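One chain, chain A, appears in both complexes that follow, with chain B as partner in the first and chain C in the second.
On to the complex of A and B.
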């Protein structure tokens, strides 16, 4: 009976718990974020130990140096009037460190600098929104351009919102080692979604995504890396947010299923709890589990010849020894703290720790012979409305 | 530019609206900030009062009532949503919650201490009945001259929800809006503690029967002590059954908390109207409540 009365009240232009109708922002916001991401991986000889051949360590330290990314991001959202808003984001990041040339072995050093600009223009209509976005990202060897269009439409009572979007990406690849020259990658994406306010305290979302791309997908800096020139991906995502009145907290649960024509199938499970503490503080611990099967052209580690790269199977058209193409499971633990300093200023800090191992895969054995991979992500941000 | 973080302080801003004492309570860094925020909320309450008042001649409600028996009146989105809500309340209460029952006020004069005769009541009953109202193409038509609608049944609660929403949109995360006891909360005190809200004793207005800790959602109370008279030991209150025209008898007070003030308000009013069946109805809602029946027995959610 209570639920029936709540659903009746949802016809009214009032908002409860997590549900929100979209309208043009009344205030502009400026936010600045600093991100520090660091990968680490055990030395290759530790990985060999998995096969019982670790007689000695060849001088490398216990943890090899891996990628370090330091990035800053500045975003600005400006309401033009009650119907239009504009936003822009500028990201600069510096990447330094090393990444393996095959499997988790043979580090090759790199240093790069990237600058990306993302802009969008949104029109707020009585029953929906329309956004056009353009982005450009450039580093020494990779230039990427994207255009997107996103439309949302809400039902009369604002409890249902449908989303449809398309994106077109055009990338240009000119690797420093000149393995290839003026390569391109073109892709198109569509997204369809529905968000439903189920009760005053529950909101659920379903998204379907389809991606199709063709062009150069290989990694020019890896040994034995020849990937198909076509990639098609399908994604299904669902999310459920529930607000608990008694606890003044929100649970956010999400699941994503992904599959592509390379043979990778993945499951992602997300769980987050956002607790309002009072005094402007909120804390959000989060955990994510990810598991994927290997691409069908992934070449497994050959323990008999370690630490050398196995040759791709004879007559194989496509092959890759990139650990990202392997079968593995990953676990992320994170915590985000937010403090509302006053009505206009908010600061937040987020720390995440990620671990990845073949044996953590959901089912099956996972790829063997790869050293466990870890990453730490720290993000500090400040948002100010004006 | 980051302004120096000043400690959040609780500010109470009182005002008069809908014929009652009201207040906005919120935490902010300065009194000035609290006042400018409260003004936004108060303006919203006053907007709703002006728009839906039954005492003025130019309100939306007055215009609809003036056209009773003549012509349909087109409604804006907000008014239409309120009537759709009223329709659902009518259906879900088996016709007990009826926003056309206000004509009974013409039969009941609470100053005269007089129970209207059944003849007098019967003269008004044909003018009551939400099922007779024609709702079409976002317009409303009252088919009989003399029919009336009014939003007194949940207008104050709706205004509390709306005012709270305005504050929320402006970043308020600690405080509440209190419109003569119908309240909507925006979050706990800056210390993280709940707000402690006293529930008035229905027989001793200076006493509280309970204190409820609240930080979210809405609280509303209906009672037989707001407007009433007593005659031969029987109390006659202003909550009137639209089917019989008679004053309800069973409950002294019903307080309900739910995610929205407007939902709490219609739940407590429906409980009053359902009289002895009200307790089972309340238990079935799953909402927290505190209700005192005519014998003085206190009931809470089980």
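On to the complex of A and C.
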């Protein structure tokens, strides 16, 4: 009983923060994160080997380096008073390397620079919040503008929070190779969700999302790529966080089901364990599994004419030989270390390795003849409250 | 569907009434669904440019011509 009282008393200072969840944060936050992302893919001859033409014991196979991205993100969140806060994020991406023109063949080299700005303004109400967001992203060949509105409403005891949001996107596409000029893509997205406290150590979330877009969805840098000009997506996401008292650790699980009118269905499962180690350190290993079916207009590799691109079926209106439209599974392993340096400063480093293969698909047979794809990313961040 | 799921949860009386003073663990950053926004930005950007699915957890954010 004494121990229970003591732990309740110890919890109290934290609770004061959550009891007034619907007021602006008391402190501002300045964050910075660096990303180094590097792709690699086995050379195409290994993809041919999958058909049994060559010796597949390619232990010493060569890897083609693909895209390399070095990105920085800086973000500032400032409370204006107890009812308003604003935030701004600036992102720069420098992209270089090579991308296949079809399937995993014919690398073409590219270099690009992207700059994106994200801003939002939030109003805190007695039982909810209202946020409006604006973002702009610009590259040589692609400009995207988005506006979003997000509302939350909490129950009296704050154990249930409802969320509703809408986002509008307007994109302009002017590819460097000028295969199209002044193309556009317009989309609207709706998100509805609910977060529920289940026990003292459990919280769950359910989200439903609907996206509808029309315009230019093809990839101008790929050979034989003509995609529908309409895309409708539905997604359902659920998350569950559980705190283990005995271990001082938290499991974070998430599952997403996705389906669209292109014939793609996918499952995504995320599992993360956050372990408090002491002295302000925490370690978080994570695993993610992803599996998707192919778009109905995806054109499979034709082993009889490799390494040349197969012609789309006669009279086909839509076709794509993009690996991302194929059927495959993806696996990510990651580890994040965080150190709270003092009350106001936190640093973190994260390393992730991602792989993508046709045979890793959840059920059925994945697309064949594509070289496995790998990417690793390293992130280093610092966050400071003031 | 989420509403249905919530009803099921409450119907099964899995949902307990948690009082404000019992929310110490729930207040830990790793117990919230508000992930590190910069990390989430990178993650969504990477997966949208390598897989055919997107979204489900958040809204907004500029699109890109990432290939």
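FYI, the second predicted complex is superposed on the first by the 355 of 386 C-alpha atoms of A that agree within 3 Å, B and C clash if a C-alpha of one lies under 4 Å from a C-alpha of the other, contacts with A are read in each partner's own complex, and residues count from 1 in each chain.
Basically, contacts are C-beta pairs under 8 Å (C-beta built on N, C-alpha and C of every residue); 3 or more make two chains touch, one makes a residue touch a chain.
The structure displayed is predicted, hence computed values, not measured ones.
For A:119, select first, second, both or neither according to whether it touches chain B, chain C, the two together, or no partner.
Neither chain B nor chain C is touched by A:119.
With both complexes superposed on chain A, which partner does A:201 reach: first (chain B), second (chain C), both or neither?
Touch partners of A:201: chain B and chain C.
For A:241, is the partner it touches chain B (first), chain C (second), both, or none of the two (neither)?
Second partner only.
So, does A:344 touch the first partner chain B, the second partner chain C, both, or neither?
In the superposed model, A:344 contacts chain B only, not chain C.
When the two structures are overlaid on chain A, which partner does A:92 contact: first (chain B), second (chain C), both, or neither?
After superposing on A, A:92 lies clear of both chain B and chain C.
Hey, is it chain B or chain C that touches more of chain A?
Answer, by number of touched residues of chain A: C.
Is A:36 contacted by the first partner chain B, the second partner chain C, both or neither?
Once the two structures are laid over each other on A, A:36 reaches no partner at all.
On the A-aligned overlay, A:142 touches which partner chain: chain B = first, chain C = second, or both, or neither?
second
Under the contact rule defined above, give the chain A residues that sit at the interface with chain B and also at the interface with chain C.
8, 11-12, 14-15, 17, 157, 200-201, 245
Which chain A residues qualify as touching chain B in the complex?
The contact residues of chain A facing chain B are 1-6, 8-9, 11-17, 26, 157, 200-201, 245, 248, 276-280, 340-345, 382, 384-385.
How about chain A: which of its residues touch chain C in the complex?
Touching chain C from chain A are residues 7-8, 10-12, 14-15, 17-19, 31-33, 35, 37, 71, 73, 75, 89, 91, 95, 99, 110, 114, 116, 118, 133, 135-137, 139, 141-142, 144-148, 150, 157-160, 165-167, 169, 171, 173, 175, 185, 189, 191-201, 203-209, 211, 219, 221-222, 233, 235-239, 241, 243, 245, 250, 252, 254, 256, 258, 260, 262, 264, 266, 268, 274, 282, 284, 290, 292, 295, 324-325, 330, 348, 350, 354, 356, 373, 375, 377, 379, 381, 383.
Considering only the defined contacts, which chain B positions touch chain A in the complex?
Contacts found on chain B: 1-3, 5-6, 8, 28-29, 33, 37, 77-78, 81-82, 84-85, 88-89, 92, 158, 161-162, 165, 168-174, 187-193, 215-217, 258-260, 262-263, 266-267, 281, 284-287.
Considering the complex alone, what residue numbers of chain C touch chain A?
Contact set of chain C toward chain A: 1-3, 5-6, 9, 14-28, 30-33, 36-39, 41-42, 46-47, 50-67.
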